[in-house]
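Alright, structures below, take your time with them.
Here chain A shows up in two complexes: once beside chain B, once beside chain C.
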Partner chain A sequence: MIHVSFAAMIRMLGEGALQTLSLLPFCIAFSLAGGVLLGILQSSKLPVLNQLISLYVVVMRGIPPLIILFLVFFSANLESGVVSAIVALSIYHTAYVTEIVRGGIASIPKGQFEAGKSIALRNSRVMYHIIIPQIWRQILPALAGQYIILVKDTALVSVVGVREILWAGRQIMQLTYDPFPIYLLIGVFFYVICTLLEQLSVLAEKRVRIYASVPRGENR
Partner chain B sequence: MDFTWRLVVQWGPQFLEGLRQTAYVFAVSMVTALLAGTFVALVSSTRSRPLRWACRGYISVFRNSPLLVQLFFIFYGLPFVGIRLSAFYCGVLAITLNEGAFVAEILRGTIQAVPQGDWEAGESLGLHRFQILRYVVLPQALRNAIPSLAGQASIILKDTSVLSLIMITELTRVSGLLYNKTFDTTGYVVVAAMYVTLFLIITQIAKTLESRLRVQR
Partner chain C sequence: MKGDVLVEFDGVSKRFGETVVLENFSYQFREGNTHVICGRSGAGKSTLIRCINYIEPIDSGSLRFEGLEVSKQTAHEVRKRVAMVFQQFNLFPHLTILKNATLGPIHALKKPKRGAEASAFELLQRVGIGDKARSYPAQLSGGQQQRAAIVRALNMNPDLILFDEPTSALDPEMIGEVLDVMKGIAHEGRSMIVVTHEMGFAREAADLVSFMEDGRFIETKPAEQFFNSPEHETTQRFLRQILSA
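After this line comes the complex of A and B, so read on.
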């Protein structure tokens, strides 16, 4: 048994936290881009594509992220745990973001679409210039909730060898053989990241609300 | 991604055993999570401030940290302070504590959504605060919570896959064992299909329950 000082523990877990935090922007960006794209396609009522996207969403909602992670890691020949983790988590969370975006688009009054059409905008232009800018206020809380789930799902990626918080914790445990304080500390690390994200979303919601409640001179 | 039908047949009994174990863990932890969540939601709608704070603390801690960490804490950490539980009970305990917080949060929302007039009506009938909760508010709150609870049920189903990491031989671990023996990802595909099927069954049950319990107003 080797004694590891508290400061050393924090430092090692902090390195793990950096790895976790460096996964997040990629997963968030990919799932947001994919989700918005699929959400738009889903609300434009295309016959076959629509069913395919629904199937994808249902399948992803049914499969545990761990299985998706293993499937990607063992079958896609990516050779890197980090890349498979990003791919797997993005694939998984894109489905949820798709649902959220579809809901957001459905909450915009139909008159907005008609108004866009009546000034001779193409469908894609209506989406890009009129509908999508409006959905953020609506979907921000749900989106933030989803990304907090994403943070918690990153705890799983240590099973494919990504050196994140949980992995760092297990390394320390192999030195000290005392799991009790280490898992407590790991929990604290995740708690802090999730709480920060939550506060960030509250802040963003406020910003969006202020922005939306001050019309910039035009008729709303 | 490889898929070999031969392996599906060969490992049939193991898959069925894994399915049984997954269904068992799911059923047990679903019930305990519902009970824990209802209890916490009830306690957090009492007037006592310390109790409410305790509930908020519990919900906040367990909602904002990963299930896997809680599971490892219970499985590896608790024996060091003298509490020894089997892997199965560790798994159920972790899922219960984790999902109990989510269920409590859902029910807290639906309890608050019950109109104030219902409380006053109960009081005017001379019911005790607890009786109002038990007979007037909770039945409505539970019924309104069914869609959210169904979503949570499907998350609990997915949570059970994490138990493979503490050596419980449920579906995910069976597919892992198959991969370790054959380097063939068939197991993951089969198991994924089984999870989706279970998910669809849960969704269907929730839909039926919802339409059965709908009240005509």
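After this line comes the complex of A and C, so read on.
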């Protein structure tokens, strides 16, 4: 057993934490873009494509993210664990975001679509100018919840060799043979990130609420 | 009877599941008319006008607007020339009144932003809410919202405006202000088809009034004749009911 000072422990974990954090923007951006795109397609009732997207969503929902991670890592022959991790987590969470976006679109009153069409906007423009800007208020809480799960899922990616916070923790443990404080610190790290995300979503919700201070029911 | 044929229904049928709303409906709406359609709820009035701008696709028959067959392919073209005002206003709550009124002209008619905004301001002035251009729909009263929705329709400079029970969702004290705006449009000679229960408006502003029941026009007459000497018994009964109410 080797003594590792608290400061050194924090430094090593900090490096891992940075790696964890650096994955997040990519995963969030890709799954948001993918989810919005697929959610829109899913709402436009195109026969074959709809079934394919549904199948994708169902499959993703039925497989643990860890397995997706391994599947991506070993099938795509990706050299980089980081790329595998981003791809796997994005693919996995896109499925959930797709469902959230589809639900958000479904919650917009029919009259909004009709009014958009009545001023001769094409479907894509109705989505872009009228529907999608209105879904955020509805879906932000669900979206925030999903991204909190995403943050927690990043705890898996050390299995494909990403040197994130859990990997860093294991390095320290191999020196100290004392897992408890390490896992406690890692727990605190995840807790802080998730709580920040939660707060961010509360702030965002307030901002989104400003323009639409009318209760939903009144504009149906 | 003014002008050329604007909208031509020729043997149009429309059903929702088992319910037949229109069956073999034929009628020609002419240019320049304000045509009021009245009748009990469920008569098919709203469905009829919603077919014109392809918000509802027809099941069979032929429907032409300005000679153009209304279909999925032509819907975009038709909607550039036919505007609609809804019972529930359906303003876009996340956009200012000005943006509501310029979205169509800018993105569908490809008008320059400046021009679209200038005409929107002018129209907002005209309907008495010039000071609301930068407000959001939720900040307006119901009557103001519907007037804003009329501006959104007018700013498309349409050949025809469809009104789908425009005052039915309004508090009574706000109905007058919306009807006044509609009367103004009618007097300009713009073609309008108006589904409404407001018989005062029909009497004052309509060129033609139709009574609709079971998906058919039971009786269509110039406004004065319609109210003073309705021929059909069902029309008489309807008028007695609605006017005594």
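What to note about this one:
To be clear about the criterion, the second predicted complex is superposed on the first by the 212 of 220 C-alpha atoms of A that agree within 3 Å, B and C clash if a C-alpha of one lies under 4 Å from a C-alpha of the other, contacts with A are read in each partner's own complex, and residues count from 1 in each chain.
Following the convention adopted for this analysis, a contact is a pair of C-beta atoms (placed from the backbone, for glycine too) under 8 Å apart; a residue touches a chain by one contact, two chains touch by 3 or more.
In this text the structure is predicted, and so the values were computed from the model without any measurement.
After superposition on chain A, the partners chain B and chain C are accommodated together without colliding. Of the two partner chains, chain C is the only one touched by A:Leu121; chain B is not.
Taking the C-alpha centre of chain A as the apex, the lines running to the C-alpha centres of chain B and chain C meet at 110 degrees, rounded to a multiple of 10.
Note on chain A: of its two partners chain C and chain B, the one contacting more of its residues is B. When both complexes are overlaid on chain A, the residue A:Ile186 reaches chain B alone and has no touch with chain C. In the superposition on chain A, A:Ser75 contacts chain B only, with no contact to chain C.
When the two structures are aligned on the shared chain, A:Ser5 is found in touch with neither chain B nor chain C. Of the two partner chains placed around the shared chain by superposition, chain C is the only one that A:Ile130 touches, whereas chain B remains out of contact. When the two complexes are overlaid on their common chain A, residue A:Gly62 makes contact with chain B while staying clear of chain C. Once the two complexes are laid over each other on the shared chain, residue contacts for A:Ala155 go to chain B alone; chain C is not touched. Closest contact between chain B and chain C, by C-alpha atoms in the overlaid model: 26 Å. Once the two complexes are overlaid on chain A, none of the chain A residues touched by chain B in the first is touched by chain C in the second. Contact residues on chain C toward chain A in their complex (touch as defined above): 53-55, 75-76, 79-80, 83-84, 86, 88-94, 103-104, 107-109, 136-138, 152-153, 156. Listed in rising order, the residues of chain A touching chain C in the complex are 109, 111-112, 114-122, 125, 129-130, 133-134, 211-214, 219-220.
Interface residues of chain B facing chain A in the complex, by the touch rule stated above, are 1-2, 60-61, 63-70, 72-73, 76-78, 80-81, 154, 157-162, 164-165, 172, 175-176, 179, 185, 188-189, 191-192, 195-200. Every residue of chain A that touches chain B in the complex is listed here, in rising order: 58-59, 61-68, 70-71, 74-76, 148, 151-156, 159, 166, 173, 178-180, 183-184, 186-187, 190-191, 194-195, 198.
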